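Working notes for the structure below.
Going by the order they are written in, the chains are A, B, C, D and E; count residues from 1 in each one.
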Amino acid sequence: MQTRIVNIRAAAKAALEEGLCRVVAGYAPGAIAMRARPVFIDKPEDAGKLTWSSFCVGNLAGLLTQAAKQASGRIGVVAQGCVSRNLVGLIGEGRLAREDLYVIGVPCLGMAERRKIEARYPGRAIIAVEESEEVFVVRGKRREERMLRRDALRDNCYTCVQRNPVIYDALVAEPVPDTGGGDIDKVAAPWEKHPPGERLAAFQAAYANCTRCHACRDVCPLCYCSTCFVDESTPQWAGKTGDFADVATYHLLRALHCAGRCTDCGACESACPQNIKVRRLTSKLEKDVRALYGCQAGMALGESPPLTVFRPDDPQDFIK
Amino acid sequence: MQSYLLAKDRLDGFVSRLADRLTVYVPAKGADGLWSFVASGSAQPPLALTPEGGNTNMPPKSFVFPRTEVLMRFDNRAGEGGMILREEPVPAGRAVLLGVRPCDAKALAVLDGIFGRRASGDASGEVSGGAFGADPYWAARREATILCGLACNYPCPTCFCDQMGCGPHHREGLDALWTDLGESYLVTILTERGRELASDLAPAAQADLNRAESLKAEAASLLTGKFPMDKIAQRGVLELCELPLWAELAATCLNCGACTHVCPTCHCFDIQDEVKGERGRRLRNWDTCMSGLFTRHASGHNPRGDKLARVRQRFMHKFKYIPVKRGEAGCVGCGRCIKACPVNIDVREVVRAMNEQAPQTPEGAA
Amino acid sequence: MTREAFSPRIAAFLCSWCSYGAADMAGVGRMGYPADFRVVRIPCTGRLSPKFILSALRQGADGVWVSGCHPGDCHFISGNLMVRRHFTLLKNLLEYVGVEPGRLHFSWISSAEADKFARVAADVAAAVRALGPASGALGALIKAV
Amino acid sequence: MAPRYVDLDKCIACGECAAKCPKRVPDPFNAGLANRKAAYILYGQTVPLKYAIDPEHCIYLAKGKCRACEKVCPTGAVNLDQTGVHRLLQVGAIVLAAGFKTFDPSHLDYLGLRRAPDVVTSLEYERLLSSSGPNRGHLKRPSDGAEPKKVAWIQCVGSRSLNKCDNAYCSGVCCMAAVKQALMTAEHVKDVADRAIYCMDMRTHGKNFESYYEKAQAQGVRFLRSRPHTLGPGPQGKGVRIRYASEARRELILDFDLAVLSVGLEAPRHFARLAETTGIAVNDLRFAAAQDLTPVASSRPGIYVCGCFTGPKDIPQSVVEASAAACAAAGQLVLARGAFVPETAIRPVIDVAGEPPRLGVFVCSCGANIAGVVDVDRVAGEAAKLPGVAHVENALFACSQDFQERIALAVREHGLNRVVVAACTPRTHEPLFQETIAGAGLNKYLFEMANIRNQASWVHAADPAAATDRAVDQVRMAAAKAARLRPLSEPKLSVIPRALVVGGGLAGMTAALELAKQDFTVHIVERQAELGGNARSLRATLGGQDVAMHLARLRRRVEEEGRITVHLGKVVAQVEGYVGRFATTLTAVGGHGESEVVEHGAAILAVGGQEAKPNDYGHGKHHRVMTHLEIDRALRFGSLDPYDVGSAVFIQCVGSREPKRPYCSRLCCTHTLKTVLYLKEKNPDLRAYVLYRDMRPYGERELLYQKARELGVIFIRFELETKPWVVVGGDDITVYVKDHILGDLLELPADILGLATGIEPSDAADLARMFKVPLDADGWLVEAHAKLRPVDFATDGVFMAGMAHYPKPIEEAVAQAQAAAGRAGALLAREEITLPGLISRIDAALCSGCGVCLAVCPYGAISRGEANLAEVNEALCKGCGLCAACCRSGAPSLAGFTDADILAQVDAMLEDHS
Amino acid sequence: MNNPYLPYPARLTGVREETEDKSIRTFRLELLDPGQAGAFAYVPGQFAELSLAGVGEAPIGIASSPTEGQELLFSVFRTGKVTEALHALAPGAVMGVRGPLGKGFPLGDLKGENLVIIAGGFAVTTLRSAMVWLLDPANRGDFGEITFIYGARTPGMLLYREQLATWAARADVACHVAVDRPAPGWDGQVGFVPQIVAEAAPRPENAAALVCGPPAMIKYTQPVLSELGWQDGQIFLSLENRMKCGIGVCGRCNVGPYYVCKDGPVFTKAELDLLPKEY
């Protein structure tokens, strides 16, 4: 992990010094344990503010489009596999231009789920967490505990299909094995195992605590509409309430809007203040997209998103 | 002020007797690992009033100010061109929240001022508000909700209640304060309706009171890193508005509503009609000043059209505007927003910067 | 509401160029089918965003039926083929969250296939009737006002 | 003109006359398999949808009694006293498109058509499969109504035979029809057991046909190389027993549930009289005579012929010829163009901007058609309660002339600004009512219909209450939508009366000359340094016309034609604009030199194709292993003398119909036949062998095949798996092939080896991208509709001709060039074009520039404009709404079908449903 | 307890198209309950929430003056869902009114002063209320000179044309009505409001100005007034934030320490100058 931090700083410094980019989007240490915060660095001497940890669980690709809009010039961005796939997607959707990006690629070891670490030590305040490739060292007030990385990864990171960046201009570590090791198709759609009559209850239970803060949307690099359908008042697609009918409409439609574009980066789940497994819907859709159309979002520049193309022989068994 | 003692092994019995008379909500851990207030009957005994991580994931605000609340119903079918409006009655049943943290209780007291209920916490007190008087929905629910606090003995790293005119053993807004003495709870009665909950408890001994006092001091001592806020009051609205800090925040703030939704004092709402055919309802929903839609006019004009203005509004509202109006901050230092923010904006740093940051140097100046 | 007395309300989105014509032709041929449908004429199934299907369910439709031109016969070249993927994913997603397969129907019916129209209409109505009102099993998804 | 006995203006197609007519008549449309009445419509989609009385069967017209139809007709449209009229029309040109008839095999006893009930003709089978057919699409065999599981098709019934039917030619379309029917049978019969097609050659030579044939093979359709000699009834008189000889000459018997006779096309007897009346020549095949280089000209100037009137052909080619004939006629009528165009009156327009909706709802009873089932008073009563409704009125017949005046009056009297008519279907009646409200001063788009007849009263007669409920809801939905409608304009676009023809080959030149004849200026851009293309290498047409001479004449005419500008050595570098207003930049090949911009209203892409280069069979290793064009050139320039050739071998499908080049190149079989016949004529002693997979000399080209066999040319069939191989040693060429029938390996020494290599498309990728037109996987230009719009692109203002579309012989290329010129001319002849109002627009405030709409638009109508946001080119948009459906942020809105419009209807249909 | 969220039912007794572009209609409302009508005590400059069940509410300045009786006038520009639905209403319809809300012009405090009323476009509505109130015989004597300056784009875009004529005819009002673009038949002044103000040159001594208009007009009128010696505390402006609850709770109209709905909508320019420009 230390190598990555050192190399990110060095790459950012060099890029800013050599004018390869105007600003670098990366992460700085968070204010509290197990957090990191996005930061934009525009001076080489500030490169030391950059860091990297398994708690960089947002998605910088989303912040980048806003930054790209605000100023001209090349932007640097620190990106692991999934984020780089989002960059590819955003390039395809005209939000970013490859030539305007300087990608500092990070081969990813999988990101941590802080709630899993917290759950391991209930009732104890965690002051800091340090990490190596294999282990998290969890420091509390009086004692120090060790937890294996593989026990603390976010769900999506177990089944990651692309841990190395798909595009990059600098790489800060040796490439890692390309997959997280799990089989995403096995776990992507857990409610499929439920009898049909029980699925709605599962859906309801999963989203019962949603307060519609929309953090899952606002952290998502795919959600850049100037007015989200859910905020649209004429016509109104979803009510503004916390009623399940409105919560469901919001999540179902948002998931559909992400279909074929989602890289399963997990930022939505990490952002949710209510621990809702928001990927329940998106990962089901991506599973179908893989199975039906053989696509995974953002794996290569120039590919058309699966919902903007068709094949004459696309499956249509359900159509009479 | 009277104090009683309740042994922890008698908690379940106490709660179930209470539940015969009114609905009791206690903190409990859900399947998703989050602590929230649930009806005592649906919580797994033995009850534990102390959530891991210090507090419930969401403040008890929604008991008084629900996420979605019907204000009225209408029916346009009845009568010639007529419009039948029906005021929505507030549910009548009384409830007690057991284990409310002092910061969250203080937050309700702050909101009492804003929604128009007198801040003293005395239910018989007068109400004040606009020309129309208090917000009837707030008032009615507040009236029906008894708050039993649980003092914090171990504040979290994100807590800064002492900074905000509150504290781990603060009593404002509560009807009773419970203190965890280890084997038992010390129950301190603060209001008349708090008293009725303690009718069958044994009085506390002086030693218990002393123990509570020392716990209070100990808790207070655990809260370190107090920072000055005095300059915020001295600085003008415009000076604060023009600090460089806001652009720094706006660069990474997502403008999501996580901070406002978990906030015990955020109270902005939207009023919306919902209709099906001729029938419908008017309701209010939590809203968030982070949303661009919050201030947008029908014409498209938006007084707070950019992220900067919106992220600034939340902090200015809490730490400048409400203090100017009401003499106290619109924040109680619960620290939830620090944990909830997806980009880790730390309200303490913001407030510190509001207090300390040098004004923006004009373009071209050194 | 008893099952017998239940007359469902089924939102039918019909492409103007084919299935709507087939519905007209079914009329010309006096081919009876249940009166459970309320038809929205659309220029092409390609116009039909999944949002409308969700909206219909949200408003309490007991079923939704979308019908357009056979693949290759789209008046607009490929509207039906392009939107077919959207329909596929939507249908799968809704079934995944518990919407019974019998609530949602898709068909390709040309303007010459009046008979198929009447037959599919009868099938759709029967499937929806068998499931009972949406306000039952799917009540949670229906917007109550 | 024969009397119809129904007044077209009055008939509302309610069908009462047919319902009451007591006389049942076998329905010719259903090949006599079902009955209709003497009062009838030809079929459901007849245009105009108006009834007629069949005088041959009408009881009144035959016996003077009945008149039931007259009594029930609610509009008084039936007029049994109508008489035929003679009309004299003065015209400047005539197009004859008299069609064909199918061969009637009933006299051919061995085919069993009348002996075995389960033998049907292909046309009868077509009706049996049709959902509008006698069995409503349920496939039943005639004998016992059972669903046939084993079906056989017998090809070439009435074709390729002089003995049995006097039709020596190939009908060209029956092979594909049989394959289609075989595939469709599986859609009707779930557990189909056997589908067998008895054929001599499978002739699937059209565009995309070969892959269809392969699909059938993959699905298990059997293709038996045999012409059965006897068909008879199966056991118990049901099914069909077929006796035939296998390719290996073995006698076999197979039983099927049903057999289909794939009947050919032929000229009906009355053609002779028509030809005589019109003074045009007929050919030996009894079709109208036309020349290869003037395929739609009859022998008499001013009379044009097209479609199967000149010989059997499929739909695309018929449509091509129709456009070609129209083009030729237009060229002749150029001086009179516009003479009969009526003036349009300018109407006052009511400005409804800013007005709250004031809806008028008119509820039609359609006589008893609606009111007999639906409680129209209740519908009107409920409508009156709807928001925005200012006026409600019931109508006996909303479509009657006097009611149009009522509507107009109501618009004025009640200040209506939106109109809803609840009646029949907008598909037939929307234009009428739109015209009515436009006459009353309202924008025609402020109109909406509720379909309460075809989709309520007529289909829910069994449950009047439910039908009424549905009608009430449909009216509420229509009103909800109508209240939201906005006036729409139909933008007009002036047209630059100039065409650009890309490609200066035979097709390009022909198209250019045809347009010049219609008085349009034309620019031809040709990549090469001279005009002519492939035709420069060709010797003669099918009918023996000299290609070189024709080419020379064409070139001279192009050069002399003042309205044509030729750009040689140039290519298209950039295309801007759209239908009516293109600006195309031409640069020299290689990009150097000055570029030039041509402004034009239409473009014809005729970039052709070329003979594929073979890379096997010894080509390039021996100078006498030659392609078709190499042989043609050698013969023309004398380097090959037929008298020096003792043995000529031809190999067909070289590189064609193989995975790398899967299509059939359509013309190589005929080309081989022409060459081999030429050689044989010059040198009758020459031994000639043709090694083939299927011989595909379709249409009258079959006669060449026949002649070649008569002259002793030996045809040897091979399979893809057992291709011939060639050994070149010194001066000798030896071809080895496994005889499919005998199983022996044949060794054929060859003095020349002709390779039928097929045609490859020119590389048109850049051109296609610039003109926003598609290419298929093989590189051919993709037409707007394979059958019905064969020279159009989906993109307006761009057309295609010649081999860039698909390989084709000269006569077809010429017809297609004329067709493209005809289509382009029809566009250029208009000063301006009116664009439809129901098109999409982008709300820039909602657009985030993601590009989804650009990607999905089938017409390339959306591009990135200011700030990278999407912009709709209204000249290209056709109003499908894909952009609106696929956009996540609701930026595009399709007028008349906006999100809010549709949602308003969804809400309205469910507002009282819980 | 009085529920401040519950609108008073009111009947629409009149609708009038005000402008040539049909974007503004004036609605005349009568509260159904006489008790509520009597209790509806307001001053010029206050607003009310016009409430359409099923559509929503829109805050609209009260255009009538309490001196005109119990009927209320609202002039509404069609711009969103609610105003669109309002425009579709015909006389006789029943709707809701919630108010009066906010603080109006402090006319009571300005007694004895000269008043300059400057209006641009359709923002004239609450200034109509002020004018009618001021010109009422009961009040006119309490004030000094009254100058009324009103500009619109075209003659057809002027509101309350008959009323303007009666004011122009009065000797005790200096009435300046102008248009940016004249049309045939227009014989009044031509020019933008700031120009007209400069020409009218109202004196600042013992005076107050009530100014309502589009942002551009306000922006360019202020320097003219400053030039003439006006102080920021003498100039009263009215804000138009998106007010929902109308009672200072819901937070949408919060600007600085103020809730526009409760603490405004009328503010002095001096007060506004201390706020971020979030209005």
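In the analysis below, a residue touches a chain if its C-beta (ideal position, glycine included) is under 8 Å from a C-beta of that chain, and two chains touch if they have at least 3 such contacts.
Note that the coordinates shown come from a computational prediction; the quantities given were computed from them, not determined experimentally.
Counting hops only between chains that touch, subunit B reaches subunit D in a minimum of 1. Leaving out subunit B only, every other chain stays linked by touch in one piece.
Relative to subunit C, the most remote chain by averaged C-alpha coordinates is E.
Centroid distances built from C-alpha atoms place D farthest away from subunit B.
Closest to the protein's overall CA centre, chain by chain, comes C. More C-beta pairs touch across one of A-D and A-C than the other; that pair is A-C. Centre-to-centre spacing of subunit D and subunit E amounts to 67 Å, using the average Cα coordinate of each chain.
In whole angstrom, the spacing between the mean C-alpha positions of subunit A and subunit E is 51.
As a whole-number value, the distance joining the C-alpha centres of subunit B and subunit C reads 47 Å. Averaging C-alpha coordinates per chain places the centre of subunit B 38 Å away from that of subunit E. Along subunit A, residues 227, 229, 234, 237, 239, 243, 307-309 each make contact with two or more other chains.
Looking at subunit D, one finds that residues 845, 856, 886, 899, 903, 907, 910-911 touch two or more other chains. In subunit B, the residues that touch at least two other chains are 270, 272, 274-276, 278, 280. Subunit A makes touch with subunit D in their complex at residues 92-95, 224-229, 232, 234-235, 237, 257, 304-305, 307-309. Contacts from subunit D toward subunit C in the complex involve residues 13, 15, 44-45, 130-132, 136-137, 425-428, 451, 453-456, 458-463, 466-467, 469-470, 473-474, 477, 784, 794, 838, 856, 858-859, 878-882, 884-886, 894, 896-897, 899, 902-903, 905-907, 909-911, 913-914. Residues of subunit D that touch subunit B in their complex: 845, 907, 910-912.
Subunit E makes touch with subunit D in their complex at residues 21-23, 78, 87-89. Against subunit B, in their complex, subunit E makes its touches with residues 1-7, 9, 52-58, 79-83, 92-96, 101, 240-242, 244-245, 247-257, 262, 274-279.
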